[in-house]
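The following pair of complexes shares a single chain, chain A, combined with chain B in the former and chain C in the latter.
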Partner chain A sequence: MKLFGFIIVCLTGGLLLYGTGELPDWGDPHSPASIHLSNDYIEHAMEQTEVPNLVTAVLADYRGYDTMFETAVVFCAGLACFLLLRDFRPKKEYYYRHVPTGVVLHVKNNERQIAPGKEFEDVDKDWVPSDTIIKTVCRILIPFIQIYALYVVAHGDFSPGGGFQGGVIFGSSFILLAISYNLKTLMKRVSEKFLGIFSAAGVLVYVGIGAFSMVLGGHFLDYSQYIPFFGEHHIRALGMLGVEIGVGMAVTAVMAIIYINIVSEGRHDEGL
Partner chain B sequence: MTDFLPLIVAKYNYWLYIILMMIGLYAMIVKNNLIKKLVGMNIFQTAIILFYVSIGYKRGATIPIIQGDHSGHGAEAIIKAADYINPLPHVLMLTAIVVSVATFGVAMALCVRIYQRYNTLEEDELRMRLSEKKI
Partner chain C sequence: MDILVIILLAFGFLFFLGGAVGIIRMPDFYSRLHPAGKLDTLGIMAMVGGLALYNLHHFSLGTVLLSIKMMLIVFFVFMSSPTATHSIVDAGMRAGLRPWTRKPKNNTIQPRETGKE
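Take a look at the complex of A and B:
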């Protein structure tokens, strides 16, 4: 089987390498990919959309419909993870740590008899004392990561960035919190309900901006319909910013949903 | 051989991506462990993303962000397409990266479910467990 697979891979690779003879050279300005449509975008995007970042202009304006369904795909992935993994059965065993003495109690029945508070804290099965250095560094770092994520979202139309990237950075700050403290700390701050509503709201913001321009009498995602509200100046950039915020919200929440469900196997109590 | 080498040098990017792609394909075909198959799939996707981004490159061009005055009152300077790299592959791959992350997440969730039910991720053991269930 191994040899057979190796032969197939070598044959496919050989055929593909043989085919590279027809492809354009590295960095050739006259390659077929960069002589038709892309030149039109580069030369006219600035006057048509007033957005200097061409990637954002194509992503959120020329191909805005495509990106909308991309966001829907991300939302569906979060939903699929939730439906596959979420486990609502109560936990059978609990571990409590007596804070003053450091003794860990193992409670085996279903009911919670010890209320976690000042004296007892709820700990994971494979609990280890958390490192002060890591905790402190993460506590200082996480707000800056989140502000940077907001900057990346807000400046998507002038510099490299946008909703997808900013959303991923914001979501990774949640994951850092869960790694440096524990999953319960994250779940206390962002509840499951909040994440679900937030991801759906992100898709809704995108679709809503598109649909509302239809209400105003234009085409779907036609940002120029918003001129009566925001004025003519940079109206397309503003529309793209709104759309990017929607994308960022959806991506942030879905990143957190996928992470939380996979590490805790859907029980949302303990994990990596 | 003498005219073969410059051919590779001019197109070395395609050679690298095809080698990466074949590593991913080999892992998907041969490996027994589902997680290893997933890693192979990710390598394959990454190779294709790199391939697309390299298509967008133009020699002597800069990133596709229009430089100069951003006041936005018409285009004062004429923008030449040769000065900026092709934005289209970047847009397509931006969305492809997000989709690959999403599919990877769903695939990981499926693996977790399979492990919870059958206690293994090896394909031959899985097949054995499935045939046991039938009898």
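Take a look at the complex of A and C:
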């Protein structure tokens, strides 16, 4: 079986290498991409879209379909993680920490005999005592990280940034919270249902902006159809901002879903 | 003001150099993290502080804002770098890595069995 896989990998790699022989040279000025496409974007993007950041203009306007399905792929990644890893079976073992003394009890029973409260604390199997320094620093840093993520999303069309990057930064703040405290603290703040709906809503915002321009009588993702609502000034930048918000929502939620499902093996109660 | 900028940059350079030498020359994991965490923090403080001061040559709202942003970077590094070092050391201790000592018989690093805390 290993040999079989090795042969397949070698064949595919050889085919790909063979295929690269047909490609234009690296940085070839006569390749089709350098003759028509890039020049056209560089020359006309500013007057056509009024967006200073050409990369965002290409991503969210000229190639809006591409980015939309990228968002769908991100959503599918989160969905696949959920479907493959989520484990709804009840846990058999419980660990509790006696808060005043720090002793950890291991209860091997299906029924919870100790109610977690002031005296006993629900802890993980690989319990690590919480560290005050890390907790405090993360408590200070997480709001700044989240504000920075929103800044990156909002500035996508004027400076480097955008929905994917901003979403990843926002999702990483969730992950930082789960690492510095524990997973239960994160799950108390953002529930699984919320994350699922939020990631789907992100894709829906993107597709909805595209589809609503069809309702108004234009093409799919034709931002100029929104002129009656927002005026002509920077209308494409505004449309891109809406689309980027959708991307950011989807990426944020999917980051959290993937992390939560992987670290806790789908149980959502312990891990790291 | 130029003199102050040069002094700050040289100060930061000295600390970065010390940190780099320390990371290479120190004997084990924990003592290497020590220069990495401490000297980089102070080095970046001095260097970016000097650059932020240099940026104020043309005094206007834009440059002041830019300097404030640079000092914000310093602030976040100042907070997060020692904390990251602390957590790495913590993880090393938890995983059972013994600190280096001068005695040769304890010099070999062997992982202790990881028991429940």
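We adopt the following convention: the second predicted complex is superposed on the first by the 239 of 272 C-alpha atoms of A that agree within 3 Å, B and C clash if a C-alpha of one lies under 4 Å from a C-alpha of the other, contacts with A are read in each partner's own complex, and residues count from 1 in each chain.
Here is the rule we go by: a residue touches a chain if its C-beta (ideal position, glycine included) is under 8 Å from a C-beta of that chain, and two chains touch if they have at least 3 such contacts.
These figures come from a predicted structure and were not determined experimentally.
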> Regarding the shared-chain residue A:Leu54, is it in contact with chain B (first), chain C (second), both, or neither?
Replying inline: first
>> Which partner chains sit in contact with A:His233 here, chain B, chain C, both or neither? Use first/second/both/neither.
In response: first
>> In the overlaid three-chain picture, which partner chain does A:Thr67 touch, first (chain B) or second (chain C), both, or neither?
In response: first
>> On the A-aligned overlay, A:Val215 touches which partner chain: chain B = first, chain C = second, or both, or neither?
In response: neither
> Of the two partner chains, chain B (first) and chain C (second), which one does A:Ile134 touch, if any: first, second, both, or neither?
Replying inline: second
> Can you list the residues of chain A that touch chain B in one structure and chain C in the other?
Replying inline: none
>> With touch defined as at the start, can you tell me which chain B residues reach chain A in the complex?
In response: 7, 10-15, 18-19, 21-22, 25-26, 29-30, 54-61, 63-67, 70, 72, 74-75, 79-82, 84-91, 94-95, 97-99, 101-103, 105-106, 108-110, 112-113, 116
> Considering the complex alone, what residue numbers of chain A touch chain B?
Replying inline: 1-2, 5-6, 8-10, 12-13, 16-17, 20-21, 23, 25-29, 31, 33-34, 37-39, 41-43, 45-47, 50, 52-55, 57-59, 63, 66-67, 70, 73-74, 76-78, 80-81, 84-85, 158-160, 162, 164, 168, 233-234, 251, 254, 258, 261-262, 265-266
> For chain A, which residues count as touching chain C in their complex?
Replying inline: 104, 126-129, 131, 133-134, 137, 140-141, 144
> Once bound in the complex, which stretches of chain C touch chain A?
Replying inline: 76, 79-80, 83, 86-87, 90, 94, 116-117
